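Order as written gives the chain letters A, B and C; numbering starts at 1 within each chain.
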Amino acid sequence: MPSPSADLFFRPGLLRNRGNQLLTIISCLCAVIVLIPLFCVIAYVLIKGIAVIRPQMFFELPPAPGMEGGGIANAFLGTIIVTALSCLFSIPVGIGGGIYLAEYGAGNRFSDFIRFGTNVLAGVPSIIAGVFIYGLVVATRLLFGNSYSAVAGGLALAVLMLPTIIKTTDEGLKLVPQELRWGSLGVGASKFVTTMKVVLPSAVAPIATGIVLAIARSAGETAPLIFTALFSPFWPEGIFKPIATMSVLVFNFAIMPYEAQITLAWAASFVLVFMILGMNLVARWISGLAKR
Amino acid sequence: MASSGSEGLYTLRHRPPSDKLVDQSFRFLVTALAALVAIILFAIFLVVTLDAREAIAKFGLGFLVNSTWNPSTENFGAFTAIYGTLLTSALALLLAIPLGVGTAIFLTENFIPSRYRTIIGNLVELLAAIPSVVLGLWAIFVLEPVLRPLLQLIHRLLGWIPFFSTMPTGPGVMPAVLILVIMVLPIITAISRDSLNQVPPDLRQAAYGVGATRWTSIFKVLLPAAISGIIGGVMLALGRALGETMAVTMIIGNSNNFTLSWFAPGNTISALLANQFGEADGLQVHALMYAALVLMIITFIVNVLAQWIVKRLSLKYS
Amino acid sequence: MTFSTHITDVPDEQVAITCEDVTISYGAFEAVKSVFLEVPRGKVTAFIGPSGCGKSTVLRCFNRMNDLIPSFSLKGRIIYEGQDLYAKAVDPVEVRRRIGMVFQRPNPFPKSIYENIAFGARINGYTGDMDELVERSLRRAAVWDECKDKLQESGYSLSGGQQQRLCIARTIATQPDVILMDEPCSALDPISTLKVEETMHELKKDFTIVIVTHNMQQAVRVSDMTAFYNAVAVEGGTGKVGYLVEFDETANIFNNPRQQATQEYVSGRFG
């Protein structure tokens, strides 16, 4: 016996409901499809990496073509050196620029222009950063007559990190309540003291988070390095000489026809991914600290 | 009146000139550092243009439509690479937009508990953290071999279509497109999710209130309200895809012979640069710089357009 | 409507701050017009008036806090110790070392309680015993008992009322000449308010105090002089323009004001 309210029952057969179900399924499928490559990549890199990695790899140089064994020690060291150099160049400039935008640039044309420029710079392809540094310092031997060098690589990475650091600093400083600045100025502090002693310390967490993420990203960059830092099968010979990095090692060795090199490419990939995921966790931890 | 006894204890009632100097210098310093951004941007244009000018003088605009790239005869044209850059980016976005927006919807609707959605969202963001050179390595050894039989099947069935007209035998445009899809998905997904999350809940309630189903309200209310953010994310992804180098270089095959087929090896501007810059000299360097200039101009236009669109649309909807 | 104002005849050496025909604008919008005012030295002066009439605006000009707002501009002269505060050569930082300010919402620094006090004193080059100064300042701000056992804890570990008194202590630790207070009690409960008021009574022996308040009883309780501001819509203007209606001894303002508007405001019959 049909009840009078039967019209309100859910009728799965209705076109409308069929369509809704279909779309829901499609959207779930999208999520699954997106997750598959992620799992494949991470799982494959980790499994493959764990299978091939040996502790000696952190102490040995890559083998000559056709030889067995060897390690990624020079590239590991090189990645750290080049990344450190890029931090040295980009962090002071980025934080300074961010301070200008947030603290000194309120409402003027110049700061709008710099903000726009920062966005444009953030969109510059990473290979262009390499081309730029190649043209500026490598081809011209600007750095005391040296061409390819760790410093050139660091500069190229710094160009890529700069906009991220400026933006995080700018945004981090804007989160600091205005009252805090008033308080400091109100007891007769100069703008310099207010910024350095009161405002900047209050924004350390978001800025540090952004910088760690920027470093993580630049540690894996390859394109800007292949013709600035180049590569070297030897131990680093100083910051004005060509230097090996893990990312360039992966690129160079991936297409070599030798088993030993390909093994090292996987090992370097594993170390890179591990490092970068670690830095992402650190960034999360820092920003978590700030929320408490 | 301050008790005059203790007044003398405050020795800096008058700021010493050094204090003012520090204040002024700091202001000057940070202004200069900010200006450095503009200087770098300008220098990039300048360096690339100056180094390209010989090639510009020699090849003119014909560079853009000439598909020969022959270092031995010094005849250079970037058509194959430009075509490859635009084609791979367009195909990658075509695949990534529905997937990314679909995932974003999945992550903002309550199909599964929010705890799991947060985890999935974080995982997708992790995908963005994987270096492109690692993705390239993975593409060479996993993606391309796994995919090859499938592409070969498509070739056998649809080989009469020019895009599928060659037998896939290794690196090529299609694997490069797929690796690009993987690289831009996190950008599109994360930004679309954030934009959808920012749509006020009242809007959805209003739609439900007039009897709209879930998907009617998604298509008619939520997506239009979030469109500025989504388009911004798509443009960002496009900029990334146009300039992406490593993964593409490693899997696209780096061939300068122009072909319509998506299964044959091809090239992109950034792959061309990555491959040839190291060994190039003479006119070839200038031609490469010219290609770099073209890439810069394309990405510049995309980025400025992106900023403009986001500004325009967000004004309209906020 | 005329912008008539009264300048009480305070002898010159007893005047801390003088406003001479001060007009303050934000961009094209005139917020306050033609203020003439003489803030007496060693007394508490209260600013009262409806919301948006420009009390904070005038107050913040006394130590050039408005410099932080890009659209701000000022016409006329504000004279402190014979010096026009807005003269070109004047350094706002030096002004603020002599004219301190307590803000509407408590804003301790994200540092320890001790450092909150020591920060300003150090900036002012304090050479005396810092521990003693911290204790003395906290005592005078009537917050010592709550703080004495946790000087090394964050300033944020205090309640809102305690934080506000910490901010007062921070200001008096720099021994300014004048203390400006912009609704210092608006975020406080009645008991904290009472404590802050006691603090003010204590402080007025040594400092000149200017306080903005929406609380008439408070003005009556703490102030010696009261300035009443009002805002009117003017023709051709972009909004309401504030002006000083009347400035007199607090007892006169509340018991027999000279202006109709003051009478209406203090008796609560205000539109």
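One rule holds for everything that comes next: contacts are C-beta pairs under 8 Å (C-beta built on N, C-alpha and C of every residue); 3 or more make two chains touch, one makes a residue touch a chain.
Worth saying up front: this structure is predicted, and the values here are computed from it rather than measured.
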* So how do the chains connect up here, line, ring, star, complete, or something else (other)? -> complete
* Looking only at C-beta pairs in contact, point me to the busier pair out of A-C and B-C. => A-C
* Asked: From the centre of chain C, which chain's CA centre is farthest?
  -> B
* To do: Can you check how far apart chain A and chain B are, centre to centre, with Cα atoms defining each centre and the answer in Å?
  => 14
* To do: Report the inter-chain centroid distance for chain A and chain C in whole angstrom, where each centroid is the mean of the CA atoms.
  => 49
* Any idea how many Å lie between the Cα centroids of chain B and chain C? -> 53
* Residues of chain A whose C-beta touches two or more other chains -> 190-191
* **Multi-partner residues of chain C (at least 2 other chains)** => 93-94, 97-98, 123-124, 174, 176
* To do: Two or more other chains in contact with one residue: find those residues in chain B.
  => 15, 20, 23
* Interfacial residue positions of chain C with respect to chain B in the complex -> 41-42, 91, 93-94, 97-98, 121, 123-128, 174-177, 206-208
* Across the complex, what residues on chain A touch chain B? -> 16-17, 19-20, 23-24, 26-31, 33-35, 37-38, 40-42, 44-45, 92-93, 96-97, 99-101, 103-105, 110-111, 113-114, 116-121, 123-132, 134-136, 139, 159, 162-163, 166, 190-192, 195, 216-217, 219-223, 226-227, 230, 247, 250-251, 254-255, 265-266, 269, 272-273, 276-277, 280
* chain C-facing residues of chain A, complex -> 106-108, 177, 179-191, 193, 197-198, 201-202
* Quick one: in the complex, what on chain C touches chain A? -> 63, 65, 68, 70-71, 93-94, 96-98, 100-103, 105, 107-110, 119-120, 123-124, 167, 170-171, 174, 176
* Would you pull the chain B residues touching chain A in the complex into a rising list? => 15, 19-20, 22-23, 26-27, 29-31, 33-38, 40-41, 43-44, 47-48, 50-51, 98-103, 105-107, 109, 111, 120, 123-124, 126-127, 129-138, 140, 142, 182, 185, 189, 213-215, 236, 239, 242-246, 249-250, 270, 273-274, 277-278, 285, 288-289, 292, 295-296, 299-300, 302-304, 306-307
